[in-house]
Structures are given as structure tokens and as C-alpha cells.
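Quick heads-up: structures coming right below.
The same chain A turns up in both complexes below, where it pairs with chain B and then with chain C.
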Partner chain A sequence: MNPPSLKISIMPSKPAKLKVIWLQGITCNGNTHSFLNDLSLGSLLESVEFIHHPLLPCSKTLQELVKKLPKSDILIFEGAYKADFERAGMAMKELLMTLASRSKHIIAMGSCASFGGIFKEADSDHISGILFDKEKESGPLREIREKVITLSGCPAHPKWLSFVIDMICQGKTILVDEFRRPKELYGYLVHNGCLRNEYFEWKVDCDTFGTKEGCLFYDQGCQGPFTHGSCNKILWNDVSSKTRSGTPCVGCTEPSFPKRELFTTKTYMSIPAEMPLGIPKRSYLALAGAAKSFHIKRLEGKLIDDNA
Partner chain B sequence: MITHELIERIEGEAVLDFKTDKSGAVQDAEIRFLHFRGMEAILEGRNALDALVIAPRVCGICGHSHLIAAARMIENAYIDAGFSLSITPKAHSIREITLSCELIQNHIKWLYLVMLHESGKLLGEEPSVALKALYASSKINQLCALFSGQWPHSSYALPGGVTCDPTHIEVMQALKILSEVERFIEDEVLGCSAEAFGNHMSNDSLLLLEGDFGKLLRQMDRLGLLDAGKSHGRFLVLGDNAESIANGVRSIADIALVSEDSSQTFAEGGNTYAKNALYNGDFYESGPLARALVSKREGISVMHQRHSDSALTRITARIDEILTLTAHVRQLLTTLDLSHPSFITPSAIESISGSGVGIVEAPRGSLIHRARIEKGRIASYSIITPTQWNLGNGTMTNPGTAQKAMIGAESTAKASLLFRTFDVCSVCTTH
Partner chain C sequence: MARLTKEERKVSIMTKALELFSKEGFYQTTMPSIAEKIGMSVGNLYNYFTSKEMLAKDLILYIANILGEEIRKINESPLNTKEKIDAIVHMYFRIAQERPETIEYFLRVYLSNREVFQNCCEGMICVSAFVTELMIFFEEGVRSGDLRDQDFFSAFGLFMGYLGGMVFINGEKILPKPLESYESSISENIYYALKTR
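So, the complex of A and B:
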């Protein structure tokens, strides 16, 4: 079995590979393993080489890296930031700041690096993302904010990362939103492309987990309608997504992640407390009331009648 | 002489403090983990169901095991609180499938990214990126995602079952991916059929294997390490078929005999964040070798009789487990009855006050999640990870499992490689 990317292609001339450092803060390694899922890793490695990576072969170990902090084209930072958190005996304050100042581009890989994420919960006053602390742009790299690209998500999708790297390789401008997330990736909502969209349109809820039918927004806590991300456009592991497997979106790409009560929809007067992004409550109510009154039989039954 | 070595290319880093004699041979080794995130404290006070999102983030490579452990823990808390709760055979099988996928990808990555790489480096080689192995591990993660939605960090298992409602389309895709991975194992890892591999184990001729696993064994042989790495010979499986083996005696394993020792931690004046996990007050080895011996898998049992718990047996057990797991996944996929419900809705979590334990056989061994739930909230949460069993610190006279395996090694570099045969995970160990 050979990955398709291993096929040898004859290139007219080989441009120099971009030099990349993958540095970890307070992390679970989830983004490292998400990245290793990229089925086109071979192609990516034709245009980049790792000065340091926690698992892949690279030219410098962590110990060698801290001895002489090198220049790089891209610094990928995974995990949350805490000034006195150490790697190989060097505090993150010095390690990140120096490597960042010597790098042309910086990628905050995952929600911990982007906003603080789950590990911020342990010591909220001292743990943050590298540029943002939740919504606030008060992270250590604020002075060099223009160099930072945010790839929030817990984890971030490997194709989101390879897209950004490819854009950098080709010298193209990446349009970003207010959190410096690429608009082409985060302009969508997780809701876009969800297979349950029709149930949302006609306000058919879901009375239990574990079915193909019904929208998870009304009871099960799905945050897809107000969470930025292309999870249902660029599928996970190329085949699925949380909502496609019946799991509510937990809003992991947003600075507010992790919220609480993740499997229940907060309601106010029995309608979801948080509206689909940009939709005024009054418009939503008017439309929902009308849609609900139709009782469409096809959407109330099973999608596939007999599963046996 | 005392030396400190930073061990990289594991999940996170570890520090080994070696005490060596004049020849450089290892007399003692202390294992230290310097990163701590406080996962249990993050979980406490939350809705118990939030654990299904938070707990997987203990670890990027075995987060799915943490998800299943958390789900089982909550299910047992329901039962402890006097509620009935069951999951269908379909939900059970799907959880088994996705969990097995996580173990398979872990073992493939360990073989290629860690063992082949580090043993090669010790022999002066500069290994290249193992793209074919990463392709195979990505494919098995894809199989997992057909049911779990994504890997890593799915939250698709809830008390009462699973959230997915697969059709035959997913099952057929999964079988196709599985065939691809099975071919990779036979063609690339072993260089022969599963059956021929079994014969090599029986005939003690694994060094003749043409695949990359054979290459690893030959590299370990050149380093003189195949017979090294022996430890206490005490084994523990707390998940399915719970059993302990000590001094050749098998007993049903009892969770009540599990304890944690935090005397070496910073909090108590020590040098590490890791707590030791003990069974009946002793260090036990957990993981693929323990599972193979407890379930009396033929090839590994024969190897253990010949080579006891040496690096050769320990490494082979992890590779052999891949074959057991792929066969298990195939059997589950072909017998999956899609007509069962995926999920049986339990009573509201807010009505639950009780204690629960969730145990999973994770890639590196027995994983335990324990919690006390009060009216649906987590009052206390405690996690014991597999690496706490294997990587604990004892004393010179009663060393931990991996410590004992390292003592006597000819050099600190060789001891470090023996350390890696346990498949080290720093992020799990301290969590």
C-alpha cells in the first residue's frame, strides 16, 4: 500500500524548502496527531522541512533547538502559553518570543495556542493563547500580530494547516477575520454542509441521540449554527464530522471554548438562548413558528424505513 | 556518575536521571515528568457529561480511550445511583471497533516513529519520514472516524450508547479500509502472512522476518538489547478479562487493590509530577504484553516461556496485538447488527448522585477513570493512566517496572531505548 503522494513527479526546478519549527506549549499533542492524519503529508514535505518537530524526523532535537534558537520561515505553536512553562529547561517566555521574532510566519495551531483552550481552565490568570487570551488580544505575540495566523479548533484539521502552509509557500495573501483566522476556512459555520440542515430549516428537533434524523440544535446543545469552521466542508479524516456522526458541535474553534453543559441546549422560553449567527431573535421566531406549523410527514419519520 | 537525559520523541518529554558505574552501565534510573496540566481539577464542578469532551484532551494519541473510560465511568455511576442503564450490542461493538482502531494506529506509530527511528539513530543511521506508516495510521483513524466522526478528540460515546447511526455504507467502507491496513501489516510490517508470523514466534525465528518489524529486531539485536529489559514479571489487566499474574500465579484482578503513591511528586518534596500506580502494593506491568499473557495468546506465551519479559517479548507483544485487533475489528464489522438502536436514552444526568469507575484497556495498558457525581455534577475526578503502572519510581531495592528493565543496561543510551519499549507517554502520565 503506497500513499498516492509517494508517486515520483519530475519537477522542472526544485525551490528551496521552507524551514519549519513545531513548538509545543501546554498541550495534549492532539494537533500533532491530527497533523499526522494528513494523507498528503508526502506532498507537503516536498515543500517544507522541519528544523524541529516533536515526532517526525527533524534536524534539531528540542535540546539542540534551545541551545541556539534558529531562524525559521514558519513557527507552528501547539498548546497553550504560560510564561514560565519550560521545554528542555527554557521558559516559554524566552523560547516562544525568540523563535517568534526570528520567524517570518507564526501559526497558532489549535484552540489552546489560539485562545488558551481547555488547559487555560486550570490557571486562567496565567495561561492564554499566543496572540489572544480568550477574545482579548493580550497574548505575548501582540506586538507582532501581523505575523500570526490563527488555526483554532480542538484539534485543528490537518488540511487547514496544509492550506496555510501552501499559501505561504506560494506567497499568496491569506484573508483573515478578527481573530486572524483564514476567512476561507472560518467564513463558514460548522452548520454549513451539515447533513441535518433540512431538519433545521423545518425546525424538526431530535428526541434522542443515536439517530440520523432531527437537528441537534434544539435539545442536544449543538453549536454548529454559531461556530465558525469548515468541519462539514473539509471533512474530518476525509470522511465525517461531529454532526455527521450525531455528535453536537461543541464550538471548539471559538474563543469561548470550552463552554459548560455541552450536551444540552440552553433555552429561554423554550427556544434556544443563542441564535444562529447574525439572525435577530424576532426573525428567527417568526420563521420558526411558521416552519413548525407545517408538520412535514417525511421529516417526522425515519430517513430509511427499515434498517434491517 | 549521575547524568540526566531528556527523552524526546515520546508523547511530551521525560527526564531520566541515571546512576552509572565506571564502565557506564546503569545502576539506577529515576524517571521524571515535568509537565502537569491539572485535568482532574478542570473536570471537577462541571456537568458529568462535559467529561466526554474534556477527558479525551488528556492525550492526543489515546484520547479515544479516555472518552470510553469517561463514558463507562458515568454509566457505572448511574447504576451506583440505582438507575438501570444498558447499551445495545451494536453500541458496544461500535465502541470496541473505534477503540481498537486507536490501539492499532498507536502501535504503528510507536514501531515506526519511535522504535525504528531511535534504534536506527543509536546505530548511526538517519531514518527518513515513515510516510507509508503514517498513511496506514491515517487510514485506520479514518475507519474510526466513520463511526466516531473524527479522530483525534471525538465525543461520540455517551452514557447509553453512541451518537452515530451508521448504515451499511460506513460498514462497507470500513471493511475496505481494514483490508488495506491488513495488507500494510502483512506486506510492510511483517513481510509475511499473519500465519507465517505465528510460526516464526513458535519457532523462535522472528529475526528472519523480512518486514520492518524484522528490521527493528535486527537493529535491537545489533545493539545487544533483545534479551535485556527484563523486569519483575508481574502483569496486570484491569479491563476486559481482568487478571493479575505474579510469580506465575493468575488471580482475578480486583480494582479495590489499586492504589496511588504520590510520595515522589513535587507536592510531597519529590522531583516529578507523576504518581506511581500500584496493585496490591507492588509495581506491575500493564499493556500489550500483559494482555497477551492474560489472554493466553499462543505466540507470545511461547515467547515469554523462552525469553521471559525481555525487550524481544515486550516489543513482539505490541506488534502481535495489531494482528489480534485487526481480526477483532473484522469480526465485529462483519457481525454488526445495524437494526439495534445506537442509543438508549437514560434518565437525566441531573438526577444522578453516585460513584463510578470506568476501565479501558488503552494502547499502553489499563486506564481508570473514577468520579463522584452529585446531582449530575462532578464532585471529584481521578484518573490513573497506563503509563503510571509501567513508569513508576521505586527504590534501588524495589524499582518500578521500567526502572528495573533499565538497570543493568550497558549504557544510558541503551537504557533509554529500553525505556521506550514501554511506549512512553508523558502527557498521560501526569495529566
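So, the complex of A and C:
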């Protein structure tokens, strides 16, 4: 009979669950709810445990969290940051800075946590993201920037969070862009994978919401051609995206979000004010002018015509 | 003397053909008459252009490139919007005087015989180099706050229709004074019609 110690060593050991704190700043809870839509949430919870989460079962209430300020493997911060905004009687500056210093990884979850987002509009001078204030890296966590992963989006896709947590669980390196967004998720433009690309190529526009046909760039303010995100690769609820369902991308993953007049395309003398990312104006106009010269019957009709 | 490349030879043929087309019109000009003017055989002419229509198409591309390149230089210059309008009007009238066949061809062949170009020059494809530069001029004029935002074609028609019309009636010998003497008043009219109110 083998000694007990040897017996233990040959048993496959179950890795310890990562300890996660989900802390909310000034938020609408959109990312919390978005996360609940992750179909793989069940299996994810096998590898992480929440010390605190606003909705999911967890070991500490907010009051207990504030009292103890425990260490964690991942601190997920949802919502915008304001130094004197209080949670359970503690100012956000102290609460965030302490929990962040005691965590190995920090995730800015959603556009408000990333850049200030919608809530920044209420008090622009005092509200920001945790690392960035719009494009500027001047948030409270700038001294520990290397720990921060940005998952911008309004809300961020639940699978983007699962991806990052999974990468952390496996000890893999996450390559990030200049805003510390994972390249694997934000290396694409929302334009990539959009089912309306053929309409964009041939400049067949669409002037209403909710149709299957037409490009939303010219008349509807679609920001897909200059917004980083994998919305048309990793689909929402596994089935769709804004542009697929006939509404324009509003550019929610970018620091410039929210822009004004989201559903109109700013033009100067009929020319779009903003060119598709990295495309010189002269080249775009020459190609667009040529494409507009053709009338392609197939692209001008309904894809599915009930009256045909 | 160095032998001309095929491309240089093509340009030389186009220059001569341009004169004939703009003077005689598209239908009166034939491949044999072009060949005769150049001093080459008709068969050899077909080595360069497979049909009269293809020659006509290459000519409009050639002219649009000349005009587009001129406007591009103006767009890229440090001039303000009013000065750019002056420069475009001056450039257009200068070409109309120095190389009248180019503008004549544009007005009397390209715009007057659209059926010839419909299968190879749909929409604005063959004049893209020229139209693109005007788009950039208008877009930058509005962006800088100098010009009023409006539909591109409303502004384009006002600007180029005006210039084309003046060159056309000059060609008809209707204008009592030389074309260039109208430059400053025309530039001013265009500027006041397009500027921000």
C-alpha cells in the first residue's frame, strides 16, 4: 500500500479558483447584465469565484468588502470613476486604489470604466475611466497601468470578458493596443464581418432602420468603418449585431464615445466628415465616386421580397 | 532622336485626335481622318486604339487627369478658399485659351454625346480625377467655415456649369470682351454664391 502522501501526488489536483471582485463605480449595471448573457457563464464559474459581485452568489456583501478590502486575482471595475463617489460609505478613491493595489489583474469593464463613457457627460471635469480619461492616460490607476486590461463597449460583450478571464486563468499573455484593449478582440473594426459590406463597396445606402439591405455609413451615422471591436465576429447572443439587425454602430468602444447626433453622418458638402480608418480622403472619394457610377440591380432591390 | 515609347506615341495620337474631335465633332471624325492627320496607316492606328469609342474614352480620361492635376495643385497650396476659387477660374480659362481643344472636347464631345460613353464611362468614372479634386475643394471649404454646407451637385453645377457656359459662349464668339477679362467678376460671383452667410 502506498503511503498517503504518494497517493495524493498522483491524483489530478484541481486548480484553485481565481478570486474575483466585481466593483461598481457610477454605473447603469449594463455590463453586469451583459455578463449574465454569457452562455459559458456556468463553466466559467468553475474556474473563478466571486468575492463580491452585485448580482451573482458571492462570499461578501459590499459592506463586508469595504470593511475587509481583501486581496484578489482579478478586480473587475464597472462604471465611471469619481474620486469622492461613495460605495458603502467609502470614497471611491480609497476603495478602488486599495483593492487595485491588492489585485493581480484589473479589468476596466465597459466604456465608462475605460474612458468615462456616458456618465462623464454629467461632470466632465471630475468623472473619468480608471486608467483613461477619454484618450488621455490620466486616470487614478496610471501608476499601475500594466495591470489594467481595457474592455470598452457599451456594454462590453460578455465573451470579451470570458476571453480575458480565461487567458488570465491559463497564464497567457494578452497583447494589447494603445488603450490596453486586447488586440485579439479590438484588432478588428466593427466594419469587418458586417453583412452590409457589399453595399458599402458599391455605395448603396439605406435611409431607414431595421432593413436587411443597404449600407448605414452614409445616411445613418454608422461608425463601423472607424470603430475597433469584434461585434461582427463575436456576435451578440451568438446571433446578431447592431449592423446586422439594421441599426448603425455608434462607436461605443472608442474613447470618443458618446459622440453627438449618433444617427446622422456628419458631411461637408455631401462628403463624409470622417473617412474609413486609415483611408486617405482622395482615395476614398475616387473609389466612392466610381462605385456610385454603377447601378447594380441586385443590390437595389429587397433581399427577400414578400410581394415578388 | 530617341524613339517614342508606345505610351508617348499614344499621347501624340490623342493630341492630334483631340483637335479633330473638338473641331469636327465625334461623328464627323473617323479613324481614317485621324490616321491621315497623324500620317500613319489606319491599320497601325488600330494597334494603339481598338476603336474610335476607346480613343474617345481615353481622351476624356486624359483631359480629366490634366484638369484634376491642376486643381490638385491648387487644393494643396496654402491659398484660402476665395483665392482657390480665383486660381481654379484662372486655370480653367487659361487652358480654354491655350489648349481650347481640351475644354471643347469636354463640352462638345463628352457632354454632348453621352451615348458614345455609356458603356465605358458610366456616371463619373472617366472624369473622376477632376470631380474628386472638386469634391476635396468643396469639402475643405465647408470644413474651414468659408463655404456654406449644401448638396455637392448644387455647388458643382454652379461652379463648373458657369465656367463651362462661359467657355462655350466664348467659343461661339458671343462674348464682347476677351475671356480673361471676366475672370475676377466670375470668381467673385462664385465666391458670393457659395460662401457662408
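In this section, the second predicted complex is superposed on the first by the 292 of 308 C-alpha atoms of A that agree within 3 Å, B and C clash if a C-alpha of one lies under 4 Å from a C-alpha of the other, contacts with A are read in each partner's own complex, and residues count from 1 in each chain.
The rule is simple: a contact is a pair of C-beta atoms (placed from the backbone, for glycine too) under 8 Å apart; a residue touches a chain by one contact, two chains touch by 3 or more.
Note that the structure is predicted; figures quoted are calculated from it, not measured.
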item: Which superposed partner A:A273 touches (first chain B, second chain C, both, neither); value: second
item: Chain B versus chain C as contact partner of A:G289, first or second or both or neither; value: second
item: Which partner reaches more residues of chain A (counting touched residues only), chain B or chain C; value: B
item: Which of chain B and chain C A:N37 touches, first, second, both or neither; value: first
item: Chain B versus chain C as contact partner of A:G187, first or second or both or neither; value: neither
item: First, second, both or neither for A:P70, with chain B first and chain C second; value: neither
item: First, second, both or neither for A:K281, with chain B first and chain C second; value: second
item: Residues of chain A touching chain B in the complex; value: 1-3, 5-6, 24, 26-34, 36-39, 41-42, 45, 54-57, 61-63, 85-88, 118-119, 121-123, 154-155, 208-212, 236-247, 250, 252, 258, 260-264, 304, 307-308
item: For the chain C and chain A complex, residues of the former touching the latter; value: 122-125, 128-129, 131-132, 135-136, 138-143, 147, 149-153, 155
item: Residues of chain B defined as touching chain A within the complex; value: 6, 8-9, 11-13, 34-35, 37-39, 41-42, 46-47, 49-50, 52-54, 57-61, 63, 91, 109, 113, 117, 126-129, 131-132, 134-139, 141-142, 144-156, 158, 160-165, 167, 173, 180, 183-184, 187-188, 338-339, 341-343, 345, 427
item: Complex contact set, residues of chain A against chain C; value: 267-271, 273, 281-282, 285-286, 289-290, 292-294
